[in-house]
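Take a look at the structures below.
You will see chain A twice below: alongside chain B first, and alongside chain C after that.
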Partner chain A sequence: MDRNQISKWLKNPGKMANKYSFHVVYFCTGCGVIEIPPSITTRWDAERFGIIPVASPRQANLFLIAGYVSTKTLKAIIRTYEQMPEPKYTIAFGSCPINGGMYYDSYNTITSLDKYIPIDGYIAGCMPRPEAVFVGVTHLWKLIDMDKADGYKRYREDYKHYRANQEQLFGDMDWPPLFSKENIK
Partner chain B sequence: MNELKKKFESIFNNITVNVVEDNRIVVNIKKDEVLTFLSYLKNLGYEHLSLVSCVDWINKSEFELIYILSSYMAKDEEYQEKEKTKIIVKTRIPRKEARFITVINVFENAEPYERELHEMFGIYFEGHPRLTPLLLERDYEIPPFRKDFDMQNYVDNTYGKIPSIKERKKEQNERT
Partner chain C sequence: MNIIALFISPLIAIIIGMFFLGLSRKISARIHWRYGPPIYQPVIDVIRSFSQMSISHGRFFDFGIIFSLVGSLVLILFLPIGKLYVLTSGGLIAFLYLMLLSPFGIALSGGASANPNSSIGISRKFLLSLAYEVPLLLVLIAVMTHYNTISLVDIVKIQASSGWAFGSWALVLPGIAYFLILPAILGVRPFEVVKAPQEISSGPIAEFGGKHLAFYTLQNALHMFVGLGLFVDIFLGGWTLFGLLDPISGTVWGIILGIIIFLIKMLIVLIIGLFINAVYPRFRIEQAMKYLWKWPTLIAFIGLIIVMLIN
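Right, the complex of A and B next:
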C-alpha cells in the first residue's frame, strides 16, 4: 500500500476499497468481446488493478459496455444497469457507443448511448487495445477521488428524463420504473 | 462437372447451368420449377441446405432468391466427388407482390432463413408455419434490407429525434 494514500484510507475507507476492487460485469455485444479475454487473463492481468469479472450484476460495481448497442440489447443493458447495487460506474468501450461508429446509419443500432443510461467515461478507438482499459480505469480512480464519477447519482436525479427517452425509443416498456416518484429526490 | 450439367439440361427445360469454378455450379431456373429441382437435388445426394439468401434488383424490380446446396461427406467412394461441389440455385420473383412457396417440405432447416427474409425483405412465403419476428424489435414501413429503404433518413427520424438529457432539462426549465 502506498504511504501517501494512508490518510485517504483513514478518511474514507469505503470509497477507497470500492475504488481498488472493481467487480466488472462485461456486456459484450460486438467486436469488443475480443479485447476482454486477453485483458483479464495472464498477458495483461487485469487483477493487478483490482479488476475482476463477476457473473452477476448484483455483485458488480463497474459496467463495461464493449461494442455496438442495438435496440434489442439496449433493453438488456438497461435492465442490467438497474440491477447493479450503488455505487456503480459505467464505461463505454469503443467508438460505437459514443456516436454509432461505423454503424452511424444502421437501421437497428442506437447512435449515442448516454441518452439512455449515464456514462462515466468513454474509451475511444475501434477497437481500443487492452492497455486502454487500464488507462480508463486509472482515470476513473481520479474521477472517484474528485467525486466526479456521479453517473448513478445523475441517474437517480434525472430518472424522469432517462425513462422518457427509453419510452420514446421502445414504445411500451414491459417493466416498471426503477424509482417511484417518492424515491426521486 | 460437365456430366452434372448435361444431366440437368436433359431433365429440366428452361434452365441455364454455368460452371463458375471447379467445384461450383450456378443454376438459373424459373420459379415454378424450384421445388421439383430442389427435391431432385436432394435425392441426388445434396442433402444440406447451407443458405437461403436474397438480392434486391431494384432496377429490374425483381428479387433474386438464392439456395446454396452442398452434400455431407459420405463413406461411399462415389460421394467423394459430390461433397466437394456446391450447387447454387437462383430464381427470380417479382418485387411488387413478393410471394413464394416455402421449401420447408424439402429442407426443414429453411425455416429460420425464410423467417429472416420475410422480416428483412418482406417476402411472404406461402405455407410457412410461423412468419413471426426473428431478429428485429421495431416495425418498419419498408423492410430494412430493401434498396429503397433510406437508412440515413430513418436514423435521423428515430434516434436523432430523441433529445439528450441536457435538452430535456432545458425544456423542463423553460416550461416551469
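Right, the complex of A and C next:
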C-alpha cells in the first residue's frame, strides 16, 4: 500500500475500498470478451489490482460491456445494470459501444450506448489489447479520486430522460421503473 | 479470565480467518505463476461491501445470514484456541450440532431470495453436508472412544501428557480421514459444488450484495477457522509442542505462546490443503458424494474398529 494514501483511507474508507476492489461482471456477447480471459488469468493477472470476475450482478461494482451491443442485448444490459448495488461504475470496451464501430449502418446496432445507460469511461480500439483494460482501470481510479465517476448519480438524477430513451426504443417495457415517482425529477 | 476470553477468542478468529482468506488467494496465485492480490485484499473487499447499498428480499433474507454468522461465532466459543477457552461443557456432541447452524442460516437466506440458482446451491449444500457428516461422525466417535471423553479441552490436555493423537498409531487412520474431508467441510475445491460460480452463478449467495455479502465473507472466514482449528485440536495436540511450554505453563507468556503455536499449526494445515485446492478441478455433486462415502468413510471405519479393539 502506498504510504501517502493512508490519510485518504482514513478520510473515506468506502471510496478507497471501492477503488481497489473491483468485482467485475462482464457482458459477454460482443467479440471484445476474447480479451478478458488473458487479462484475468496468468499472463496479465488482473487480480493483483483487486479485480476479480463475479458471477452475479448483485456482488459487482464494475460493469464491463465487452463489445458490440444489439437492440436485443441492450435489454439485458439495462436489467443487469439496474440490479447492481450503488456505487457502480461502467466501462464500455471497444469501438462498437461508442459509435457502432464497423456495424454503424446496421438496422440492429445501438450506435451510442450512452443514451440508454450512463458510461463512466470508454476504451477505444478494435480490439483493444488487455493492457488497455488496465490503463482504463487506472484512469477510472483517477476519476473516482476526483469524484468524476458519477454515472450512477447521473442515472438517478436523469432517470426520466434515460427511461424515455429506453421506452422510445422498446415501446412497452416489461419491468417497472427502477426509481419511484418521487425520485424522478 | 473467562470474560476476557469471551471477547478475545471471536476477535482472534475473525482476524486470523480474514488473514487466511487473503493468504490462500495469494498462495494459489503463486502456484498459478501469477503475482496475486495483496494479503489484505479480503479486508478491502469487506469494507467495499459494507459501503455498498444492499437489496433485501424480505425478513428471512436478513435473518438467515445473521443467524449463520452468529452460529459460527457460538462455535468459536466451544473451540479451545490454544489455552484460551470459554465453554468447557458440551464438547464434541454440542460441536457437531452447532456445525449445522451456519449451513442452515445460509440456506434460509438463499431460500428467501427465490432465485433458482440459490435453490440448486442450497440442495447441493445439504447433500454435501450429508456426505461429509458420515465420515466426520465416525472420526469423532473414534476419537471420543479412544480418549474416553467428549470434552475438547480434556482431549487437548490428554495429548499434552501422552503425545499428539496423530503420533499415536491408533488414531492415524481417523486423522487421515478427517484431512480428506477437510476441503468438503470448508467448501473449497475440489468440493466447491455449493458456490460453483461458473455453473450456478455462486449458488446460495447469488442474490447477496452489499452488507449481506460482507457478513457472508466474515462467516466464511470464521468457518475456515473452525474447520482448521478442530483438526489441530483433535489430532495435532492444540497448543502442545513436545513439552516446550511446560516450564512456563500457567503464566501469561505461556498462554500467548500457546495461541501462537496453535495458529502456526493451523497455518501449516492450511498450506498443505491449498496445494490440493490450487491444482484440482471441481467434482460434480454425485462424484463428491460417491468419493466421500467411499474412501474417507472406509478409512474412518477401519480406524474406529482398530480403536475399539485396542480399548
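Just so we're on the same page, the second predicted complex is superposed on the first by the 183 of 185 C-alpha atoms of A that agree within 3 Å, B and C clash if a C-alpha of one lies under 4 Å from a C-alpha of the other, contacts with A are read in each partner's own complex, and residues count from 1 in each chain.
Criterion: contacts are C-beta pairs under 8 Å (C-beta built on N, C-alpha and C of every residue); 3 or more make two chains touch, one makes a residue touch a chain.
Just so we're clear, the structure is a prediction, and the values are computed from it rather than from any experiment.
Q: According to the stated criteria, A:58 is in contact with first (chain B), second (chain C), both, or neither; which is it?
A: In the superposed model, A:58 contacts chain C only, not chain B.
Q: Which partner does A:38 contact after superposing on A: first (chain B), second (chain C), both, neither?
A: A:38 contacts neither chain B nor chain C.
Q: Would you sort A:121 into first (chain B), second (chain C), both or neither based on which partner it touches?
A: The answer is neither, since A:121 touches no partner chain.
Q: Mind working out whether A:177 is in touch with chain B, chain C, both or neither, as first, second, both or neither?
A: In the superposed model, A:177 contacts neither chain B nor chain C.
Q: Let me test your reading of the model: by the given contact rule, A:87 touches which partner, first (chain B), second (chain C), both or neither?
A: So A:87 only meets chain C here.
Q: Using the superposition on chain A as set up above, list the residues of chain A that contact both chain B and chain C.
A: Comparing the two interfaces on chain A, one with chain B and one with chain C, no residues are shared.
Q: With touch defined as at the start, can you tell me which chain C residues reach chain A in the complex?
A: That would be residues 25, 29, 32-38, 40-41, 44-45, 47-48, 50-55, 197-198, 201-202, 205-210, 213 of chain C.
Q: Give every residue of chain A touching chain C within the complex, in rising order.
A: Of all residues in chain A, those touching chain C are 1, 13-15, 17-18, 20-21, 23, 41-42, 45, 47-48, 50, 53-56, 58-59, 61, 84-87.
Q: Flag every residue of chain B that touches chain A in the complex, lowest number first.
A: Contact set of chain B toward chain A: 135-138, 140, 144, 149, 151-152, 154-155, 158-160, 162-165, 168-169, 172.
Q: Along chain A, where are the residues that touch chain B in the complex?
A: Listed in rising order, the residues of chain A that touch chain B are 71-72, 100, 104-108, 110-112, 114-115, 154, 158, 161-162, 164-165, 168-170.
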